[in-house]
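Before we start, here is the structure in question, set down as structure tokens.
Chains: A, B, C and D, in written order; residue numbering restarts at 1 for each.
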Amino acid sequence: MIIVMAMGATEQEAADVRDQLRQYNLTAHDNYGTQRVVIAVLGDVAPVRELLMSKLSIMPGVESVTPITRPYKLTSRESHPEDTVIEVLGTKVGDGSLTIMAGATILRGGAFKPRTSPYAFQGLGVEGLTYLAEASKLTGLPTITEVMEPSQVEVVAKHADILQVGTRNMQNYSLLTAVGKAGRPVMLKRGYGATIEEWLMAAEYIVSSGNPHVILCERGIRTFETYTRNTLDLTAVPLLHHLTHLPVVVDPSHATGKRWLVKPMALAAVAAGADGIMVEVHPRPDQARSDGEQSLTFDQFADMAGALNQIHEQVRTLIKDPFAMTGPVKVGGSSKH
Amino acid sequence: MIIVMAMGATEQEAADVRDQLRQYNLTAHDNYGTQRVVIAVLGDVAPVRELLMSKLSIMPGVESVTPITRPYKLTSRESHPEDTVIEVLGTKVGDGSLTIMAGATILRGGAFKPRTSPYAFQGLGVEGLTYLAEASKLTGLPTITEVMEPSQVEVVAKHADILQVGTRNMQNYSLLTAVGKAGRPVMLKRGYGATIEEWLMAAEYIVSSGNPHVILCERGIRTFETYTRNTLDLTAVPLLHHLTHLPVVVDPSHATGKRWLVKPMALAAVAAGADGIMVEVHPRPDQARSDGEQSLTFDQFADMAGALNQIHEQVRTLIKDPFAMTGPVKVGGSSKH
Amino acid sequence: MIIVMAMGATEQEAADVRDQLRQYNLTAHDNYGTQRVVIAVLGDVAPVRELLMSKLSIMPGVESVTPITRPYKLTSRESHPEDTVIEVLGTKVGDGSLTIMAGATILRGGAFKPRTSPYAFQGLGVEGLTYLAEASKLTGLPTITEVMEPSQVEVVAKHADILQVGTRNMQNYSLLTAVGKAGRPVMLKRGYGATIEEWLMAAEYIVSSGNPHVILCERGIRTFETYTRNTLDLTAVPLLHHLTHLPVVVDPSHATGKRWLVKPMALAAVAAGADGIMVEVHPRPDQARSDGEQSLTFDQFADMAGALNQIHEQVRTLIKDPFAMTGPVKVGGSSKH
Amino acid sequence: MIIVMAMGATEQEAADVRDQLRQYNLTAHDNYGTQRVVIAVLGDVAPVRELLMSKLSIMPGVESVTPITRPYKLTSRESHPEDTVIEVLGTKVGDGSLTIMAGATILRGGAFKPRTSPYAFQGLGVEGLTYLAEASKLTGLPTITEVMEPSQVEVVAKHADILQVGTRNMQNYSLLTAVGKAGRPVMLKRGYGATIEEWLMAAEYIVSSGNPHVILCERGIRTFETYTRNTLDLTAVPLLHHLTHLPVVVDPSHATGKRWLVKPMALAAVAAGADGIMVEVHPRPDQARSDGEQSLTFDQFADMAGALNQIHEQVRTLIKDPFAMTGPVKVGGSSKH
């Protein structure tokens, strides 16, 4: 943590800052410049980081307070250099293979649907869960479905193999804590208005509640552009591989909102290094009760899955070490760096 | 709903669109242009709006589908021209008076705190609720506090007079439905990434669940600007008065994140027509366990409250009818138009 | 153009709207709904589109005015279904090949540099242009460089083969008109705060000034995310191929601001269908006078160029017709649809 | 400037960073923490700030480089605590009075109009300038008009008293330098996609070119909200008064895009401490050749101007020292702090 004192701050004001730090067993290193004093704080700031920033910020003579370490720990690659690999019914996510969620490697189905309008179709509920479990039995594929409130976690965990937390619930802390206690992997979609740091902090809630099996899913963020529903932030893929050991999948259906943009963006996601792709598929999109506009037909899905696997194979040979160009962060032993 | 057919769409494609509409008992009005056909849909589109948009969008020959009516109904001023006035323990919100939440007209306190970091102070929980209820008894002022999950609604409603839904839970539909069934007014903060339309749809969830007493609270939206924590969208105040009958309050503390910006922005909010102001106050901000940076001291609060009341008085005389300049929408009988 | 009348608008108000339209030789088609009147305007709205929207919007009884055709014409694929292919010194851009700008297919160099700070290095000016022209002579490669004001167009056009308009000048209309009159292809970078529609309108300025040879360059847009300098909007690539016949290249260096993110994002851009890639390269990035942080070394560039060409080859075979999934827009004869 | 070394960075890597700093006559202060080394740079970083950040960022072992001083100097209140007051034909801007630009204190007219579409009305050009000069003679009021390219600066400066640089040209550095050399005050509108820091850097271009008379004009920024054309960032008003000595005016017409939102937002701007308001006025908005939707009639303008002056009077008495609550920055002698 770096505290920049204002030009003209007094000796006493700097002394008060040092006193405040001492109360938390932190040491202040003063750096005297030509125009102002800069105080570097060293020691384990993490446990009191937010509180301390709040307190220091309003002390007389303080110009700014800047944290220098990241607020997430368990999800950070610095603290855990090896990739997290998640295994469900024999399928692995994050081991260098490509996971396609929709019916290829993992079955995807929505029983509870979060809808912007209270008048729209809200999903089939528990009945939908049993259909999904049945499909899993027939195919042998693991299943993923969304959970929307803490009280649903138990029943969904009973029927589905992976729990999904949706974009609108990314900062529903009660839900994050609840899925953190369920014995199932969790796919955490990025909030459409959330920064990457907030997303990792949300993952930190799940991991710190006891569940290390978190898959991150980029699904587009909200920007001023209106031609597409959201702006797919594909740069998040290599960035997250740098910052965290958790696997990263991409959902091009919700981000673009348009069926014909799904294939090119799925290919781009794989080329950027995504561990998986999640797409909307429907046998008859014109009869889907929701999200028809972005759903692929079975034929389109099969065609796309083939293309994705080929690009994935080639990208792996071309980029044995995708982060060879990485400058700053060095962490020992990770195959991704 | 307006369906624009593509240039070169066939007769049959337009006929298929009309067939689809007929299945929902809607009538198609064709408008033949020089370059393309435009089909206007009339009839009660609202109940099937989302489904229909999804289906029509993917039909061959369809270029675009544009809705022309707003998706919210109960919260719309068109359907309910009179202002909603909410009364709690003799205090009225939305009747033309200025409500100051922090200790002036309504007591504000957080028992459960939504925190970005799992390592930050999470509030005192039920113990905090009893302190708040005690303060209410001593002062006679109504209280407001945040509720974070459906299972908390009952206990919070027992101790507090107004339930608050926070910015990160604005689209937590389970929570919206739960507070919609509690017999208490609800203050719904705007999601920091939410449009005004989505905000009103979230209010619609509460109202359609049986609770018409919703107060909207603007608290800043996320933009590219980083000097302030969020960008306070004050234009939302007159805009909401135009679109809805619900009262609108403004929280300048969270939007700006800086104590010294609270007063000018609170004054601006009152000048823009806000029904109330909600601010963070703390007797010793440097000892606050959260949000100290944006909290006013008691003296600063008293000074600001006085200024707000004076500006409010004057704005009322200057703008007897703040919407006199309104062009488009005309609704009978509203004092706000 | 669709005019939605307010609920409760009078007969006379609708009649006034129709009168207004008649003055521009446009025909009104009325559509009577249960709650309101919707007037569809047909005829050639384009030449008076903005003026008419402005006038109609403020007429009494008008709720909203929505345009239904796109405001750009010459750059639209609807009006020009075939891909535009641009040829410079025997190199083709937009013909299905992959153009790599930095020294592979086209030489890139900045003589005039737009800098946020007046105190930063501003480029070598005309002296830099002669260096670039010399490099072109030695290698036989065409050159591209930025032009910053109308008075520079002539001298830059004399020395460089392609003129670049930078992100901060995307809506510098004087400059757009000036390069529209130069006999050189123009690469138009997207404004970091510009929508795709505004970008195409800026291209329309160039094309309507007489220069049909415009290359569009996506370089990231400004969002709330701060880990990366900007958010690279790769969905713009397939979207632009759908909306316009102009070639689209991607600049991953400026968008990400970090050298180690360049390669994965360049691969993703090619997988999404980009016609070319433009990157920053410097023999000794640590000695570069600007943009060193995002510059590749020669070795890194050579490695990346090889990978890009391989992915490009494979993507071409996998997606013979990248827009096979396109629903809505159908235009005759285009190989891209 | 603060350089955070990566966990695991070697002694040699830190030594290389110190060497680099020494080459610029800067001193490195090491701060050894439990997990990493943090190097504070003191000395006059400003002249080489950008170059140094670029170089250090890519050095091995460097995790991040954070500047701690602001990049603008001449426009900063730290370097110039007193308010800048601009006088034109006896009218003062920034002296505590309220300036209303549209015909009340300063006449506003557009001769050259920047238009998104090349097919829209582009202004009357030099002919328009003579009309404006004539109006000035008749009324004795100073005039303001927009200049769009360096070559127009001379002719516009001949006819108008204040030169306006529009939102799309805020980073047109050639134009900024040109108006920096004209002997006329300049009103610099905020770029709709620009941060406050970039805006001040643009002002720095003008001031460092020799012209200290710059008025800043907030006119809305681009966000995801689509009900209004842009989001008016009123918090920028007190924030700018804190950061800079230049006067700040607000344009509520362009930000909202709707006539009936102009009055409430103008009132809010004055309450937030704006030095002036600029609005669109037209005797017959329905016949305006551009921007009719947002123009006030003469009567509406007169009504609003009266209200603004009353609120301004009251705000002045209520907030003798609007920055009394300011914590961090302290600068000697300024009446605004």
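Couple of notes before you dig in:
Everything below uses one rule, namely that a residue touches a chain if its C-beta (ideal position, glycine included) is under 8 Å from a C-beta of that chain, and two chains touch if they have at least 3 such contacts.
Note that the coordinates shown come from a computational prediction; the quantities given were computed from them, not determined experimentally.
Where touching is counted per the definition, the chains common to chain C and chain D are A, B.
With centres defined by CA atoms alone, the chain at the far end from chain D is A. Mean C-alpha positions place chain A and chain C at a centre distance of 31 Å. Per-chain CA centroids place chain A at a distance of 27 Å from chain B.
A straight line joining the Cα centres of chain A and chain D is 36 Å long.
For chain B, the set of residues touching two or more other chains reads 57-59, 193, 222-224, 226, 259, 327. Partner chain C is touched in their complex by these residues of chain A: 193, 195-197, 221, 223-228, 231-235, 237-239, 242, 255-256, 258-265, 267-273, 296, 300, 307, 310-311, 314-315, 318-319, 322-323, 325-327.
Within the complex formed with chain D, the chain A residues making contact are 2, 4, 6-9, 29, 31-35, 38, 40, 42-44, 57-64, 66, 68-69, 78, 222-224, 226, 327-332. Within the complex formed with chain B, the chain A residues making contact are 46-47, 49-51, 53-55, 57-59, 71, 114-121, 148-151, 168-169, 171-175, 191-194, 198, 201, 204-205, 208-209, 222, 259, 285-293.
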